[in-house]
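Common to both upcoming complexes is chain A, partnered first by chain B, then by chain C.
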Partner chain A sequence: MSGYMSGVLAVLLINMVIAYSVFLPAAAGLLNLGAAGFVLIGGYTAGGLTSRAGWPLVPAILVAGLFAGVVAFVLAFPILRTRGVYMVLATFAFAEVVGGIYLNIPSLGGATGLSVSTYAGLPVIIPTTVCVVAFVAWLLSTRLGLAMRAAHDDENVSLLFGVNLRMVQVAAFTAGGALGGIGGALLVHQFNFIDVQTTGVLFSIYVLLYVLIGGTQTAWGPFAGALFFTVVPEILRTMSKLDPSMKFLEAGRFIVFGIAVVLIMVVRPEGLITRTLIEKVQGSLRRLAARETAA
Partner chain B sequence: MNGAELSLAGVCKSFGGLTVIDHLGFTVKRGSRTALIGPNGAGKTTVFNLVSGVYPIDDGTISLDGEDISIVSPAGRIGHGISRSFQNIRLMPHLSTIENVMLGEHWRRPAFSLARGRRAVESVKAALADAGLQTYPGQVVANLPYGIQKRIEVVRALLAEPKILMLDEPAAGLNNAESDDLRALLERVSARGITLLVVEHDMHFVRRLCDHVVVLNFGRLIFEGTPEEVHRDPAVLEAYLGTDARAVQSDNTAKAR
Partner chain C sequence: MQSAQQLINGLMLGGILAFVAVAFTLTIGMLNFLNFTIPALFMLAAMVTWALSASGEHIFALGLPWYAAAAIGIAVAMVASLIIERFTYRYLKAHYGDATEHALPLVSSLGFLIIFEHAVITLWGSDPQRLELPFRDMDLHFAGLIVGIPHLFSLGLAITLVWVLSWLLKRSSIGRALRAIAENPDAATLMGVEVARIVPVVFLVTGMLSALAGILYGFSYSTVTPYIGDAVATDAITGMVLGGLGNVWGAIVGGLLVGLIKVFAISQFGAEIEKIPVWGLLLLILIIRPTGIFGKSRLGRGKF
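Now for the complex of A and B:
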């Protein structure tokens, strides 16, 4: 694999991990615009551990996830008092606060950022991503996961069926925070650097878009969303270089991409991957198989 | 499985200045099949909301087998044996049939057990089959017909293994065959000892299923007795006059179904 390809793949996988960190709360009906906060916490924790304390990479990633999870757990209680757009704003404010804090810790580089020498390549990123996806799939297949998705659809009815709403939502938010921390830990070691600018305002918005564009109904959603957001701009960029007639894409690709995002939101307001879509695909596969055996 | 006795005494509820339930008291006997009827706006659904804990009561007591449940949290009441369906379908639109009904048994399963475990799925499928719904386990409910969704709600409530099952207009919108199937299902449920409390406008359905009728008007009890007596009661006829009087009376003259 070329360096370019493996670089794109690494970024894609890290984006997916971070997308799943926002997906878990979203699957339970909670909008989190604070992905950047957990990514920074994970990035600085893991980066600090490897560069300042000489830890090996894997334990540093795990501790980063754990620490981000603890922060998410503590934060969940005040955040869950808010709803809808106020929750979006509260999580966003949290990310800004986290940025402000790391900007003011000189031992972690402060405004100049934190450089680390340990490198996380695909041999670390691929298995980590697989573990994250497996964890999400497992969580969704438990009663707790079912309760999360029920709470997403109707909180009041879930409550009457004995769902401990508070517990379910805190769990989803905490698990999401931990995954964000793991994503940040991978990020800092992939780029050998992190600073508060790594995750600007746009970062959290993009991650929430991955999840909403991909769809929150199934675990495939963030996969599709991250794929779309990572690969489509790359394809447009490559196209702009391939042929002189495509040169307008060099600057115009952002416009093309933006239009594509809006179109998807209009045509598929519940996201690219929905349960109904999967049902349709399964149905036609079954019909195909039936025709094969009949023939 | 054992049914429970539900008792309301002096229950009051107002919304803003509007008194919706007014010193209401009645008893649903253990193992009975009780109908709760009354004109539109009488407060039937509100009674369900108060018993299941959607709203707290302003005054009075609600007890199940003598235990005051009005102080139990909404999420805790299902564990005391109360489960219900909703007048306007309240299924989880993005979940499949099987996942929706699995929510019914949520309270009696450990959080980290697999929802898709083979034994769990088989018992849920058996419950669906018992209600004639074996065709739809994997489908997202939002895409299913109204009558099917209505019955999925009943199965969801049943999977909670309630002591008292409260159904809010379960036969509304069902055709005759579906309504007969539903009644047969509820008779099987009743045979297991579960107490039934059913809000229903279809008096034909009520007469064939229920052994006791409670009539509300303006949040007050106006009649309690057998399905035969209810048609002869002057207060009941008056309550329905101008609204559903013809429904009650035409039913008296043995409506052909």
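Now for the complex of A and C:
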């Protein structure tokens, strides 16, 4: 695999991990526009452990996830007091406060950012991503996953059916925060650098878009969303390099991205991958298999 | 003396934030929709004004006088706002019932934010540009204090416009229709309010307010970039929450307060601390008193 391809693949996988961190709360009906906050916490924790304390990479990633999860757990209780627009704003504000705090910790680099020498290549990133996806798929198949789905569809009705709504939402938010921390830990060791600018205002917005465009109904959603929005801009960029007449795509590929977002919301408001779509695909596969056996 | 000047600087920054905060609070109060395209409209108007008025190599360098360029900038932002209404609020509402039940308009408006920002970058690049004004040096000096004319003008204009707006909301028939829609869109439709014709008015006003704020910001600080909208909008959102969602006068007070807090925090603790007081305040208010400092408002709760 060429260096370019492995670079794109690494970014894609990290984006997927971070997308799953926003997906878990979203699957329980909570809009989290604060992905950047957990990514920064995980990135600075892991980066600090490997560069300042000399830890090996894998324990540092685990501790980063754990720490981000603890922060998410503590934060979940005040955040869950808010709803709707207020929750979007509160999570967004949280991410900015985290950025402001790390900007003022000189021992972690402050405004100049934190450089680390430990490198996380694909041999670390691929297994981590597989574990994260498997964890989310497993979580959705449990009773907790069912309760999350109920909370996503209708909070009041799920309360009436005896779902412990607060417990479910705190669990989803905490697990999401931990995944964000792991994503941040991978990010800092892939680029050997992290600063507050790594996750600007647009970062959390993009991650939320991956999830909502992909769809919050099934575990395939963030996978599809992150894939779509990492691969399509890369293809557009490659096209702009190959053909001089496509040069406008170099800067304009994000316009295409934005138009795609608006159109997908018009055509598929529940996201690209929905439960109905998966059932349809499974149904036609079954029919195909039945025809094969009949023939 | 130093702190008196800081007070003035804070109020002047707050005047522009108040404008944007009013734009945010209007769409939330009327349509229950957090309109993330406001920073894009803000930036679009300022960049169009710069491009049309400056002479140079860039596209649309017509060298128009500043007032003509500003008028076209405002018009462009208002048209853009109508396009946004077509694809966020109206389309989704028509097809999927109450659009505000979903995160859809929010997501679509984020899509438009990306489209406009990158359209401007594609046209004019991402470098900061100088926006020259004939009366740039006409700052008022008295008792050793400096007051910028564009700032003063923007604060005055914001208060006047909000006064006109709240009067129109109370007295005019469009205002009555808008208040009915804010109360309950379905009931308003049953009562004969043509929701599809009234809602664009909110977007026109939003576009106009954001555009005015963007152009005044450009004139005040003499610099425009494709990114000016982001920072201003986030501060304005804090101002809006401080004043209470849907409360136009609250948005003005909130915007001014945020301007003051920002300026004093920077002068006391340095630029690097800037994010913590504003965002910490927002987080605190949302958790402790989500209705803002002026109390009760039932709008914007429970829905995206």
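Details
In this section, the second predicted complex is superposed on the first by the 295 of 295 C-alpha atoms of A that agree within 3 Å, B and C clash if a C-alpha of one lies under 4 Å from a C-alpha of the other, contacts with A are read in each partner's own complex, and residues count from 1 in each chain.
We adopt the following convention: a residue touches a chain if its C-beta (ideal position, glycine included) is under 8 Å from a C-beta of that chain, and two chains touch if they have at least 3 such contacts.
From a predicted model like this one, the values you see are computed outputs, not experimental measurements.
Of the two partner chains, chain B is the only one that A:G162 touches; chain C does not reach it. Contact with chain C, but none with chain B, is seen for A:A111 once the two complexes are overlaid on the shared chain. Contact with chain C, but none with chain B, is seen for A:I255 once the two complexes are overlaid on the shared chain. Legend: residue contacts after superposition of the two complexes on their common chain; A:V281 is shown touching neither chain B nor chain C. In the superposition on chain A, A:I126 contacts neither chain B nor chain C. Set side by side, chain B and chain C differ in how many residues of chain A they touch, and the one touching more is C. In the superposed pair of complexes, A:V97 makes contact with chain C only, with no contact to chain B. Applying the stated contact rule after C-alpha superposition, one finds that A:A289 touches neither chain B nor chain C.
Once the two complexes are overlaid on chain A, none of the chain A residues touched by chain B in the first is touched by chain C in the second.
Those residues of chain C lying in contact with chain A across their complex are 28, 32, 34, 36, 87-88, 91-92, 95-96, 102-104, 106-108, 110-119, 121-122, 230-231, 234, 237-238, 241, 245, 272-276, 279-280, 282-283, 286-287, 290, 300-304. Taken in their complex, chain A has these residues touching chain C: 31, 78-79, 81-86, 88-90, 92-94, 96-97, 99-101, 103-104, 110-111, 201-202, 205, 208-209, 212-213, 248, 251-252, 254-255, 257-262, 265-266, 269. Residues of chain A that touch chain B in their complex: 141-147, 149-150, 152-154, 156-165, 217, 274-276, 279.
Residues 52-54, 74-79, 83-84, 86, 90, 92-96, 99, 102-104, 106-107, 109-116, 138-140, 142-143, 156, 160 of chain B touch chain A in their complex.
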